[in-house]
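What follows is a pair of complexes built around chain A, which joins chain B in one and chain C in the other.
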Partner chain A sequence: MPIHEKSLIRPEDLTEHEALEIDGVDVSGHWSTFIETRVVSDYNERMEEEIAALPGGEYIHRCWQCSACTNVCTVNDLNPDFNPRYWIYLARMGFEKELLRDKDLLWQCVSCHKCTHACPREVVPEGVMKAMATWAELKGHTAVSPSASFDAEFTEQIVATGKIEEGRIIRGFFKRTGQPLRQAWLMEMSLRLAKHLPILMGIKMALAALFRPRTRNWGKSQAAIEEYLVERDAANKRALNLD
Partner chain B sequence: MTEPILIVGGGPAGLSAAQALSAVGRNSILVEKEDRLGGAPIISGYAKLVPSDEWAKDAIGGMVSRVAESDLVDVRSGARVTEFTGAPGAFTATLSNGESCQVSAAILATGFTHFDSINKPEWGFGTYPDVVTTVQVEQMISSGKGVYCPSDGRAPERVAILLCVGSRDRQIGREWCSKICCTVSANIAMEIREQLPECSVYIYYMDIRTFGLNEIKYYWRSQEEYRVKYIKSRVAEVTSDGNRLLIKGEDTLVKRPIAIPFDMVVHAIGMDPNVENDSIAKVFGVDLQAEGNIAHQSNYGGTGVTSRPGVFVAGAAIGPETIDDSIAQGQAVAMSAMALSPLAAAAAE
Partner chain C sequence: MSEKYKTVAYYPGCALEGTGHGYNRSTKAVGKKLGLNLVEVPNWNCCGAMEVKNIDPEIQNYLSARNLGIVAEKMNVDTVMAPCNGCYHNLKKVEHDIAKKPKTQEVVDRLSQKAGHATYQAGQVETIHALDWIKDAIGEDGIRARIKNSLKGLKVANYYGCMYTRPRNIFPEKDQGPGSESTYKPHYMDDLLAAAGAEIVDYPLKTACCGGAHTLADSDTSTKLVLNLLQTAEVCGADIIATECPTCHSGLEMHQVRAETEHGIKTNVKMLYFTQLLGLALGISGRKLGLQENVSDARGLLKEKGLL
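Moving on to the complex of A and B:
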C-alpha cells in the first residue's frame, strides 16, 4: 500500500531497500518504502491503576479521548508534542515505552487548569499530568525535576516551622540543584533590594533569617503533616510496587 | 364513567394520544400553552424529519389537522393547567383562562426545551452571527431559503457541525446523551451537501450514536454518498480571524493540531428537561428524575405511570426522545389512561 502520510511515521520505522525481490517482484527503492511493523508485546497492564493511585490521577479511567484537554492546553499551544489526551490514552492502554518517549515533557504542565474546566467528564487532566510526572520520577525514569526540588525545600521549611523564609528557600534550592550562591542576577537583585528596603522591614527580615521563628503552637500541626507525608509516601510506593 | 381524559401538550406525543383516544371513541381535552398545536417540530420549524424524510409541516401538520377535525378532541390552546385536584376517575383541572374541567385521568406530554448554546460561550454562539444551532439550520431549510450565513447571506463553502453541545458534559450538569443529535446532524449535513454541492461539511464528534438502522441511512450514507467528513475531537474554541470563523482543535486519530477556517459553525444542541418541569411537577403532584425530567415507573406493569395514580407521562417529558417513539408512547399511554377508568370506577363502588 502506498504511504501517503510519511510525516506521521517515525523515520526509524521507515525502510527502503536498494535491491530487494519478494516472490519475483522487484520492490527496491523509494517507491517501495516499508513501514516497520509495530509489535507491542510489553504492555504494562497495571499502568492505569498505578497512575490512578497517585494524587491527581484518580479520574483517569473516565477519559473518552475527546481531546478537550489538549485543545485548550496552554503548553500544547507552544509545543504540539505536549499532548495530555494522547498520554492518557497510552497510560490507560499500558503503552509504557511509548509514554516514556515523552518523559521529559510530562512535567512541563503549568497547572493553568484550563483542561479541568473544559473536560466534559471531569477527568481533571491537570491532576493526571501531575500523577504521570510523579510516576515517572518514582519509577526512576526521570531525574528529580527542578520544580520538584523547589517544592521539597518549600515543604520541608513549612513542616519544620510553619513559615517560609525566602532567603533560606533560595539557598536551599540552590544547594539541592548544585547551583552557586554567587550568581550575577541574584547579587544585583539583592543589592537593589537592600538599597530600597524600608529599614524596619530589613531588620525584620534579618531577625527572621537569624532566629528562624516558628508559628505559635506549631507542634501539633507539624506532627499531623509529617504523619500524612509519611503515609502518602508509603501509599505511592505501594501503588507502584516499590520496595 | 366516561369523563374525558386530559392531555397536556400538543406535540407528537400529545397529538398521538388524542388521535388514539378519538379513534376508539373516547373524549379528550388537549391543553396547549402555545396558540397552535404541533409542538417542537412545528413551533421550532423543523424541516425534513428523521427517519421518514417527510416535511414536519406535512407529517406533524397532518396529525394536527386530524386532531383539530375530531369531534372527540376539545382543544384548548393558549392555556396552561394551574391546578389539578381529585382522585383517579374524578379529577378537576383548572386552566389559566379560568375554565375548569372534570377529567378521569391526565397525560403529561409536556416535552423538552432546546439547550441554549449561550451556556457554552467558548464555542462562539451569541458572539459570531455565523455560529448557529441545528434548529436554526432546520428553519433555514424549512423556510425554503436554503442554508446561508446569517452575517451576510452568502452560501457557506465550509460548514462545521459540533456534536454534543449541551449533552454529555459534566461541566454544565448535563450528563445525558440527547439521543437524536447525531442522526439529525448527519441528516442536516446531507441536506447541506445536496443544496450546496461545493460546500464541505465536517462533523466534530466524541462518539457517533446514530443508533439502530440510522447507522446505515445517516452515518454511513453521509460518509459514503455525501462525503461528509467526520473528525474525532471536542474542539477548544470557535474564534474569528476577522473574515471567517476559526476552529481550534486536534484531529485525535492522527494526533495533529488543527486550526481550520469555516464559514459557518452549527451547534448540535441537546434536549434539556422542559424548563417548566418544576411548576408542572408541583401542579400535578408528580416526582421528577434527578436530571429534571418527569419520573415514571418501569414499563413492565404499564406505560408512563408517574408517582401520582391517574397521571401518566409520554414522550420527551420523560427524557430525550425521538418523534417516532414519542408518538408510540402517546398511543401507549392513551391505553394506560383508558384502562384506568373502569378500574377506578370499580374501586370507587
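Moving on to the complex of A and C:
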C-alpha cells in the first residue's frame, strides 16, 4: 500500500490570466499559471500539548509518521480526506489552520481500532482522533458533533443509573440532535420486529422503557464519577487556556 | 470434557437485556444443554460500551473494574464470560491498563474507595468470550459428539467484528501459535460451526467494521459499511452471517433495513448469533433460542433447510 499523500498545491492557490502582459511579455493562459506564495507564520506551538492533555491524546508525541494508521483506516477507505497520519503531523507541527480545513471530518472515526492494532509506536491513533474532535469542539471551531451528542447521552444514563436502556438512548439522542424519532427506516424495522416478536417480549421491552434498568446502590458510584468528571472538565479547559 | 470453564461468572451486559436478547437466551440455552453453569454477576453495571471512553477512558476503566471486582470479591469463580464483544473488550482493556498504567490503578482505587466497594487488582479474574468458553470447555470433538441436527448444507459466513481481536495488546493470549485464537484471522467461530456441520464460506471481511459506534450518529457511513459486509457475504455464497456481538448483529439488521428503505438496495442474507446456530445443531428449539426476537427473520430459510 502506498503512503497516502495529498497535493500541497490547491486549486485556490493557482492563478491564471486570460490577458496579462508584464514588461512587454505576454503571460496569459495556462502556460504561465502562477502559484500563490504560501507563507505560514501563525503556528500554534502548543497544539500538540493541547491535544495530548485531552482524553485519548496522551501518546500523540510518539508518532513517527509511518502511516500504518491511515493505510488500515476504515473511514479513509470511504473518504481519502480522513487521514489520521496527516492530522497527527499537522498537530505536532502546530499547523492549526491546516487542520481546521478538515475540522468537520475529525469526529467521524468509527473506533474500529485497526489503527491502534497496526501502530508500531503505540500512539493509539483512535484515541488521538477523539482528542482532536474534542479539541475542535472545546475551542469553538465546530459545533457539538452527532458522535459527541451520542457519547454524552450514553454516559449520562450510565452515570445516573449504572445501566443503559437502548430505547431511551435512541429517544434521547434524536431529541438532543433535533431529529424526528419517526425515521422511515426505524419505523420499518420496528414493524418487521413487531410482526414476529412474542407478546411477552414486547411487554418486557415496554416495561424497560417505563422502569429504567438500574444497578442497585449506585448512588455512591454516581457521586464518585460525577466528582471525577467535574475535575476532568476543568482540566480540559485549563489545557486549552479556556478559563 | 475438561473441567475448565465448567462454571463461570456470566456478564450479559445491557445489550443482551435489550436488542441482543436472542443472544442472551441462546447462550444460556446452549450452556444448559452442554452442562456448563453460568452464574450471573450480581448487581452488575454497564461497561461503558464505546462511548464513555470518549468522555474519559479512566471512567470507562472504573466501570469495568467494578464488575471484575464483584466477581473477585463475591463469587466463587476466577473466570468471567462476556458474550458481547464490547463488554469483553472493555473488561480485557481494564485488565491490561490496570497492569500497565499506574494512572488507571490510581483512578480505579480512588473511585472504588469513594463508592464504598473493594478495588480491583490485575490478575484476580480471567475474562473470556462466549467463543473461548465453548471452544475450551467443550471443543470441536465435544460438539461433534452432541450433534442432533447437523447444520449440513447451511452456508455460513462468520463475522467477528472489531472488538474481539483489536487492538492486539489487550489480548495477550491470542496469536500464541497453533490452537490459539488469531487476531488477523480469527477462527474459533469457524471451528465450532464447522464442527456443528455448517459449510463455512471463505469470508474476507470477518474482522471488518460495521460502523457500530456510529450506527445512529453517522448512519450513512454505517449503512455503507454494513452493505459492504452483506453484499460480500452474498457474493461468497453465504445464506447466513453468524455473529458474536449484539452491536454488530443489530447494526447489520438495522442497516440492512435502512439500505432497503433509503437506497432501495435489498440483500437477502440473514443474521443469526453463533449460539443460535450451535443450539439448533444441539437440538434446542428455535423458540428457546430466541429466533423470533431477531429482526432478520431466518426461520423460513431454516425450515427450507430442514433445521426447524
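Please note the rule applied: the second predicted complex is superposed on the first by the 217 of 243 C-alpha atoms of A that agree within 3 Å, B and C clash if a C-alpha of one lies under 4 Å from a C-alpha of the other, contacts with A are read in each partner's own complex, and residues count from 1 in each chain.
Following the convention adopted for this analysis, contacts are C-beta pairs under 8 Å (C-beta built on N, C-alpha and C of every residue); 3 or more make two chains touch, one makes a residue touch a chain.
In this text, all values refer to a predicted model and were calculated from it rather than measured experimentally.
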More chain A residues in contact [chain B versus chain C]: C
First (chain B), second (chain C), both or neither touched by A:Cys66: first
A:Glu122 touches, of chain B and chain C: first, second, both or neither? both
First (chain B), second (chain C), both or neither touched by A:Pro55: second
First (chain B), second (chain C), both or neither touched by A:Asn44: neither
Chain B versus chain C as contact partner of A:Ser32, first or second or both or neither: neither
Chain B versus chain C as contact partner of A:Leu78, first or second or both or neither: second
Set intersection of chain A contacts, chain C complex versus chain B complex: 117, 122
Partner chain A, residues of chain B touching it in the complex: 122, 164, 168-171, 206-207, 232-237, 248-250, 252, 254-257
Chain B contact footprint on chain A (complex, rising order): 5, 8, 64-68, 70-72, 76, 80, 83, 85-86, 117-122
Contact set on chain C toward chain A in their complex: 14-15, 17-19, 21, 43-46, 48-59, 62-63, 66, 107, 110-111, 114-116, 162-163, 165-169, 183, 208-209, 211-214, 216-218, 221-222, 224-225, 253-254, 257-258, 260-262, 292-293, 295, 297, 299
Interfacial residue positions of chain A with respect to chain C in the complex: 55-56, 74-75, 78, 108, 110-114, 116-117, 122, 124, 127, 130, 134, 145-152, 154-155, 158, 162-167, 170, 173-174, 184-186, 188-189, 192-193, 196-198, 201, 205, 208, 213, 215-218, 220-221, 223-225, 227-229, 232
